[in-house]
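Okay, so chain A shows up in both of these, paired with chain B first and chain C after.
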Partner chain A sequence: MTAALAVAPTTPRGGSPVRPAAGPALLAAIVAVNLLGFVVPVLNLLRLSFLKVEATGTLRETFDLSSWQAILTDGFYAGLLVDSVRTCALITGLTLVLSYPIALLIHRCRGTIRTLLLVLVVTPLLTSAVVRTYGWVALLYDQGLVNGMLMALGLSAPLRLMFNTVGVVIGLTEILMPYMILSLLAGFGRLDPRYEEAAMTLGASPWRTFLRVVLPLTLPGIALGCLLTFVLALSSFITPKLLGGGRVFLLATEIYDQAMVTLNWPLAAALSMVILAMFGLALVLYGRLVRRIG
Partner chain B sequence: MTATDAPGHLAIRGLTKRYGGFTAVDGLDLDVARGELLAFLGPSGCGKTTSLRMVAGLVPASGGRIVVGGRDLTDVPTHRRDMGLVFQSYALFPHLSVARNVAFGLEMRGIGRAEREARVREAIALVRLTGKEEHRPAQLSGGQQQRVALARALVIRPQILLLDEPLSNLDAKLRDEMRIEIREIQQRLGITAIFVTHDQVEALTMCDKVAVMNGGRLEQLGPPLDLYERPATPFVASFVGRINQFRARAAGGIVGLGEARITGAGPAEGPVEVMIRPHRIALRPASAPVEDAEGRLNTVAGTVARTTFAGDVLHYEVAVGDAMIGVEEATRSDAGPVAPGTPVRLSWRPDDTLLFAAVARDGRMRP
Partner chain C sequence: MDERKPPLGLILLALPLLAFLLAPVLITIPISFSADPYLSFPPSGWSLRWYRAAFTGGAVLDVFATSVALGLVVTALSLLIALPAAMALVRLRWGWVSAIESFLTAPLLLPAIVLGLAILIVFAPLGLLATFPGLVAAHLVVTLPYALRILSTALAGAPLAAEEAAATLGASPLRVFWRVTLPAIRPGLAAAAALCFLVSFDEVVISLFLTGPRLSTLPVWMFHHVENEADPLVAAVSVLLIALTLVIVLVVDRTAGLSRTFVK
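== the complex of A and B ==
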């Protein structure tokens, strides 16, 4: 049996044309792409964060700790980190609450309706985030649609919906919803209507069925969606920049400013490493959670 | 609990389900007495699952009433119906252990921890799964999962237990064991239960009564013996047990079959469906002496066309006129198989001849 198996792999079995020998080759390609596209640039960034920069923006190839010193001692950066994480956590939570019912509905639909709903979810991804952000500007500014309606209903002064955290949260939540919905759907595999029916025959009201059966079975999707949304929120800068109007300070916008405006590349590089560390942390948390559920 | 209008513990009246223009269940009427096990038996797609799901409240009925213990439950939501349902696919909660699965219904009923744990332990012991409490459903075999599903439905002591083909995923041996087990538990606890199956052996061996369904309608409701010996329709006759079936014409209560004239219970005039169970027919060589001196049996002459030896029984196909009649005889050590081509005499009791008025081949047939 073992001998037969040892010989067998040269013939494709079970309809799979991939020969075992192709495995390492395929892996090598992935490793190479990752090395060139991710590991090397990150290492380069790490090196950059320890360089010295002149006021003019000129880099000098000398070892220097001032960027890291600024991040670790200047209260501004600690505050920035806390604010960013808090804002992004809020965005993630809102996105989850708004996306979950939609994902559940799509999961339960079949046929044409399901396809149609999925197309509706994916369509916004075909438009750039810049365009969608300007869309929100048109809706949220003082004379925009939302305020126009509110004033018509008797509001005396326009609500400040832009150039503050509110605007950033609204904009990013909407922009990230498709990612959340798709992640949720990907993680809803274990949810079968029969489990809900079983719960109901055992005396569970619809609400308790949701809490005790639906929610636990969709936790993998929730974890995946939250991870993805949080990471995307933390790294987006166009929407915070436009809807924050320079008054909302987040890690990503600060990195952009340091790199493109102040031309302090070492500080930008060091802040990038901080964001990367946050991603790593989120990933570890996700891994823990998934193992717990699994 | 007025026993005036609802003789059964569970009474189903005119239960109907329509999907668009298609009627999946058509005016189902039946009663199940307290502590009785009733089978829904019928071919695939005849509406068994749909009926059961309407009783459980998982599918809204298009018409009709469901009454349990005198209380009309037709518009009561599932979670307040107090019915245990065992699904064909078990539907055990994959994220909960065996014990938590079984405890679920008790938790929903707000039963205290001490009593809950005692009842869960008892239910798990009842289905002989002690020691598996902390396993996840995915770690159990099909038969074990099936027993957990049964324990989960039984532990809440439901008014009605509904089982939807609970044994169809099991191998033959396990199925036999589970049949006996389910029947024993149901009788011990005195639960009123409906057992859905498309396996006639399951329905006949396990259940007090059998409801034979076809095309969304109830064909016949009765104890297994009645169904077998006195089928109300040709469908029931052919679905329950094996049977010979052929067309003939009756005149004055006599049916012509080949050269012979036979009698049976059924319509006296016109075209009829003649049905005879193969093992109720005795086959003798034409040369053998006639045993039926008084002529009380139906006797026809024919020629053996095919002989099949199957160990316990011999299957014969005998040409009688232009009809082909199947005969089954137990094998014997003192007489070998009758060879094809041998002229034979077939005889059987007139009571074993079932006659039904014949209608168009594709139409529904009524006695």
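== the complex of A and C ==
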């Protein structure tokens, strides 16, 4: 997008149909939606995290730190945080490993095959997370496709593949792969097959060529993809809820439960701020990494 | 020069991974034709009973109608609101255009679970929960950034010289917009409309906070259904949704180009 703006002609606006004075009027509606549906609600969420909730469920308008105290001192929330980060890091790593060959293949293909592969990647991306998670239920439950095949191969009892962390990791990895693939592709611009051919001609093995030529050139795409995947994993809710079956506790599912089941809005708000802080942290780490890669 | 074929090893490595990526979408197709009363694979027999159930059961049709109406209203409003904004951002070369743009696309950076909660808390005292206007407003928060991005790109690529020529020849600004600018960005408009509709139609996390027994959307209904019982009914509905998604992907590809829209 910024690239598209940068190439916009820079000649003076002689006959442009937009008069400068009209600018604020043209932007008024979108700014209003943004303020009322985004800025005000998020600031209000921050305020709410410092309110107190009564046993009756009503909110008291006093400055209160009990939600933050619970998060910082209660071992359950520390564990929740560590578990969330660990699970999401694992998902990010798996997603990278499984997406990289697909991205590389798409990068190498041209014409119809490239379009076809992109359709295969983008269609899951645009398919509802509920549909894809349902597909994983059908694949992973006790009488599902995967266990059916394992039992046919001689396994005596079905593996527990859902209602636990395993199911959440499998499902989220697959659901986040399209984002990773597209991020990798966006970062593959510098990769030219002629570099690889040069390395191979000079006697490098394919593995060495990959490690010394391909991988370094694609690091920016990897960094971007990992940032995006981690952040999306941390904030995803549908898949952990359905494949975790209420037995896997992650930040996002806890926010929903606190908000909609326990009706403790201040605690849900404080947990939301924790997610946002972790987003910020991930962004800072990404910025450092990108600067080091150059 | 780019005619080099990808190495065979890479193809052999990528194909099973593509199968993994598509597996959950593909498995819904055979299951949707199951004759069994519960989820089983492979089904013991084949039938269209779950498609019949989807079209005759009142619940699915109700939430489907809500989702379609919501998607159409949200799409129309998104284009009406984002197009003038994109005009202002692209055609007026203010110094802080990129800052305004970051501000306007910021809602996409926020996790839906946080945005949903934040909107719930503000909308509850306003009586907007489980109402159509409430859902429209919440969906606009996430569709507008997409519409703004696609339309800005389209406008930046539209020939400014033609607009200037039309204006020099005496066309009023409105006429220039209607006869020159709008035809030039038609593919962008189609892509923006397709994507806005899909984002609204598929939106589930924010809607979960804002729906109730009185008013629900198709994805929210599916979520609750899978939560309680994962029977083949959801598979039949899923197949219909996947077909719809495929149509929209093709529309985007034909109009704005898949590579240009999704690979920046």
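FYI, the second predicted complex is superposed on the first by the 253 of 294 C-alpha atoms of A that agree within 3 Å, B and C clash if a C-alpha of one lies under 4 Å from a C-alpha of the other, contacts with A are read in each partner's own complex, and residues count from 1 in each chain.
FYI, a contact is a pair of C-beta atoms (placed from the backbone, for glycine too) under 8 Å apart; a residue touches a chain by one contact, two chains touch by 3 or more.
The shown structure was predicted, so the numbers you read here are calculated from the model rather than taken from an experiment.
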| item | value |
| --- | --- |
| Which superposed partner A:130 touches (first chain B, second chain C, both, neither) | second |
| Chain C versus chain B, contacts on chain A by residue | C |
| Partner chain in contact with A:269 - chain B first, chain C second, else both or neither | second |
| Partner chain(s) touched by A:30 [first = chain B, second = chain C, both, neither] | second |
| Touched partner set for A:48, first chain B, second chain C, both or neither | second |
| First, second, both or neither for A:38, with chain B first and chain C second | second |
| Which superposed partner A:195 touches (first chain B, second chain C, both, neither) | first |
| Touched partner set for A:166, first chain B, second chain C, both or neither | neither |
| Shared contact residues on chain A - chain B and chain C | 206 |
| Of all residues in chain C, those that touch chain A in their complex | 2-6, 9-11, 13-14, 17-18, 20-28, 31, 39-42, 80-82, 84-85, 87-94, 97-98, 100-101, 103-104, 106-107, 109-115, 117-122, 137-138, 140-141, 144, 148-149, 152-153, 156-157, 160-161, 163-168, 173-174, 176-177, 181, 198, 202, 204-205, 208-209, 219, 222-223, 226-227, 230, 234-235, 238, 241-242, 245-246, 248-250, 253, 258-259, 262-264 |
| Contact set on chain A toward chain B in their complex | 190, 192, 194-195, 197-206, 208-209, 212-213, 216-217, 293 |
| Sites on chain A touched by chain C in the complex | 1-5, 7-11, 13-20, 22-23, 25-27, 29-31, 33-34, 36-38, 40-42, 44-45, 48, 98-99, 101-102, 104-105, 108-110, 114-115, 117-139, 141, 143-145, 148, 171, 174, 177-178, 182, 185-186, 193, 206, 231, 234-235, 237-238, 241-242, 252, 255-256, 259-260, 265, 268-269, 272, 275-276, 279 |
| Chain B - residues contacting chain A, complex | 56-58, 77-85, 87, 89, 91-95, 104-105, 108-109, 152-153, 156 |
